[in-house]
Amino acid sequence: MSDPAEHFILALSCPNRPGIVAAVSTFLFEKGCNILEAQQYDDQESGRFFTRIVFNVVQGQATIEAIRAGFAAIADTFSFTWTLRSKAEKRRVLLLASKFDHCLADLLYRWRIGEIPMEVTGIISNHPRETYAHLDFDGVPFHHLPVTKDSKMAQEAKIWEIFQSTNTELAVLARYMQVLSDDLSAKVSGKCINIHHSFLPGFKGAKPYHQAHARGVKLMGATAHYVTSDLDEGPIIEQDVERISHQDSADDMVRKGRDIERRVLARALSWHLQDRVLLAGGRTVVFRD
Amino acid sequence: MSDPAEHFILALSCPNRPGIVAAVSTFLFEKGCNILEAQQYDDQESGRFFTRIVFNVVQGQATIEAIRAGFAAIADTFSFTWTLRSKAEKRRVLLLASKFDHCLADLLYRWRIGEIPMEVTGIISNHPRETYAHLDFDGVPFHHLPVTKDSKMAQEAKIWEIFQSTNTELAVLARYMQVLSDDLSAKVSGKCINIHHSFLPGFKGAKPYHQAHARGVKLMGATAHYVTSDLDEGPIIEQDVERISHQDSADDMVRKGRDIERRVLARALSWHLQDRVLLAGGRTVVFRD
Amino acid sequence: MSDPAEHFILALSCPNRPGIVAAVSTFLFEKGCNILEAQQYDDQESGRFFTRIVFNVVQGQATIEAIRAGFAAIADTFSFTWTLRSKAEKRRVLLLASKFDHCLADLLYRWRIGEIPMEVTGIISNHPRETYAHLDFDGVPFHHLPVTKDSKMAQEAKIWEIFQSTNTELAVLARYMQVLSDDLSAKVSGKCINIHHSFLPGFKGAKPYHQAHARGVKLMGATAHYVTSDLDEGPIIEQDVERISHQDSADDMVRKGRDIERRVLARALSWHLQDRVLLAGGRTVVFRD
Amino acid sequence: MSDPAEHFILALSCPNRPGIVAAVSTFLFEKGCNILEAQQYDDQESGRFFTRIVFNVVQGQATIEAIRAGFAAIADTFSFTWTLRSKAEKRRVLLLASKFDHCLADLLYRWRIGEIPMEVTGIISNHPRETYAHLDFDGVPFHHLPVTKDSKMAQEAKIWEIFQSTNTELAVLARYMQVLSDDLSAKVSGKCINIHHSFLPGFKGAKPYHQAHARGVKLMGATAHYVTSDLDEGPIIEQDVERISHQDSADDMVRKGRDIERRVLARALSWHLQDRVLLAGGRTVVFRD
């Protein structure tokens, strides 16, 4: 029998039609499962249905394999795109950073205290290990992969090799200041989160704080999004802002931005790892905690 | 047959146990209903389950009466506290105000443009009609009920008489600056929303902005809550805040507070009228829009 | 002698150099003035200095005319761009609206209760008076100026004629849904505030809420700015945002946006009227209250 | 001659009367100083005047000692409470923590990258060094001072001895979970900042997140304040909040609170170290950056 203390996360989307909730909830009930959390969303525009259900097994002998097998039949009927995972399963995440390490340090801290449940498969930087002399990587392999215009293809090949050989499920660009090539972007599509230091779609590209300062905006922000080959145009997962004034120079914005960036990226990563983020075309459905 | 354009709102709470969602969703499916929105919450502490479901009838002949009758059986089985309403049904609301009319004017505006779907059954004030000379009450009956220490019981009896005779379902204290007696509070329990001009539980009672100024807080707020006989202690529906500084005098806070009060009260009222607010002991479950 | 209860607002900018504050504050002290509020900003980038000083006359016989005359000499020395006004002086403001009247209704309400100190010189709309049947214009002249592609030039000529003949100092586009021509934009440069229903520079132009919905942003906003001939590119005075989610349709955003728009526009207008907004190239210095 | 690159911070308060700004700015001008930033506040209620001025010496031979000496005469005339410091001077700060190290780790990170300019004189904890195994203290002395009811007096004597012997200017209770005695509170009055994990004055004392959860508030917060012998009643320096919902358990609030606590404490500490915080009775004047 399953341990009632083990929680499972079912996340799915499908074309909307009557009976989906009835079919899924009846199936879970018959397998002896109890729903602990559920959120759903019917997108009237696209006609798609999205749901995320957390459940445990409270009666009977059903293993997760049996539930998964039984569920596959329903999934076929309704054309589900779906995942089913134990909440305890830690997903494998590769972190990429450059010189500024505020996001990297923050993610490592949250990981260490158990706030972000993940297995860190490696840390990649175009800067050497001594850049992070004060950070305790706690045994996580570090890869110094410097990059120049000429070496970019080779360097990205190495990144991709590490991604694959470590069974990485998600890459996080934690202020990794290199633009990924179209080729690598395509390979990690849906499996790579970036933090951009502006409130997108405003101020795409380089030096967004300087752009924002020049425009004289009264709030500044940061955006976590999935990487696509279209620079800073991928589906947005999370954004946040803070109020600024004419007094704030571009340097002040860099300083204030660190706080916004790290909390936006941490939220986006947490939600992704908990299967709270579902893709809906170029947008995301986010079942927030 | 029902008109698919008519939407129904089912809101319920009950002791949690496996099978609730399966039973409800299967029933709705079998009656030819399609779920358009659904939110649910399992309160692990109290062991209660809460849900709000919006649906329409897309197949068959089921009328709302038939659905309601059929649903009663399930409700019995699971000990539901429940309501089922047409979304088009406008609930009957009584507005109470005093000298300051920013909340009253705001609610009337939102009502007029259709943002808040309600039938206004009357406007009661302890100040005369000319206090609101510039407000168009649009035919809504106005009751001037002045109040003194000695006349309070009689005045409240009159309020209660108007509440009952107009089939009012909800009273809104839109900056009505009289404290209701325990007796009237008990009568309107769960049917009366107040806006208090502080971020509760800070600064209960009189002159909260002056209290907040004296304490030197850096954010000020407002709180919409259900009225209970325990002053400013009722279940909180919505709160919001704005940043202030040492520069803000109590008068500045009064001015800035108007904006917070009116948006907090309007949200609380809208959510109540859409059955988005469910009571959970001294707290509320709010399925926000 | 001046009445100490009368407050004056001095606002100025100039090339920065040592001695400005000493010269201004010594002059005011010698004229028997007491500084009640003062804010200043030294823009290190442009090398310009900005200040706003509120004072009253507490000693001696100095009239505001004498102070103004004496101050002109200092202004020359330091090349001030400056204004000096009695705080009690109400500036003359022309309101322009279209079909949606939430900003118009809000500004009129704030004006009536004395929150926004202004003289409303007229209300212009491309829709007829009956569109605002429930709004009390309180004697303010209303001008119905319908507009078509062909009549635009003539209609704008009429707007400009009203602006001039009423000695209007500021025009407010309170969701006036017509783009001003380059010609009229130039004429009202620095004297016209618009509210745009997006967080600029994102989503310029038409239907910003629909653009924002399509992009899937997680916060929505509004922007008040001075009108220039460059559409939605004028100096930003104030912005604000609210959190949204995948659940919010473009219609929900229209509804939620009303609250953001009206408070952003009201703040920008209040600050302008209190000489709190100084132009700094394409940006603004805003000495907030 | 002074180096123009060296900036000085003058912060003062005094009974308000005409001529203060003139006297100060004229003095600075005559000494060859240029004002780079200035903020002031006239508290109409208490009749006190507050200002903070940043300047450098651009002409002549004036050393900071000469300026200080000359300024003392003006200070006498106007009864200033004042400080004058080089911006480059790093103040000496003692950090106290308990088991949870999110604030400690955050302050150390900001210190390391130069965001918070201070000299850390020591880290005191009632938990042993291995509690912070992953934190690099970078040579800062660590003091393990366990505390029991019986040893509290002795432990506090040791804290005070460290405070004095290290010439500490400010103690920061970075989630140090012991209530200071009245005696120690008095000794560090105005020289000790605490972070309380609620939006004060709501939820003073122990387990504020559990209190907030029980009350069902819709926003949660944190407060940084000066320590006084009156628990959680000291002058507030900074507060911030985040929205929560019925879904958030007390444990969720603990998690979300970490982000609020650390940014509120970091801001309060930075502002204190930059002489941006002036005491005004039980309130603070904060000239924010």
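Couple of notes before you dig in:
By written order: A, B, C and D. Residues from 1 in each chain.
Everything that follows uses one rule, which is that contacts are C-beta pairs under 8 Å (C-beta built on N, C-alpha and C of every residue); 3 or more make two chains touch, one makes a residue touch a chain.
Given the structure is predicted, the values throughout are model-derived calculations rather than measurements.
Annotation: C-D is the more contact-rich of the chain pairs B-C and C-D, by number of C-beta pairs in contact.
By residue number, over half of the touching pairs seen at B-D are also found at A-C, the match among A-B, A-C or A-D.
Between chain C and chain D the centroid-to-centroid distance comes to 37 Å (mean Cα coordinates, whole Å).
Residues of chain D in contact with at least two other chains: 44, 247.
Within the complex formed with chain D, the residues of chain A that make contact are 102, 105, 109, 112-113, 115, 134-136, 138, 247-248, 252, 255, 258-259, 263, 289. If you check the complex, the residues on chain B that touch chain D are 41, 43-45, 199-203, 214-219, 221, 235-241, 245-247, 249, 280, 282-286, 288. Put simply, chain B touches chain A in their complex at residues 17-19, 21-22, 25-26, 28-29, 32-40, 42, 44, 58-59, 243.
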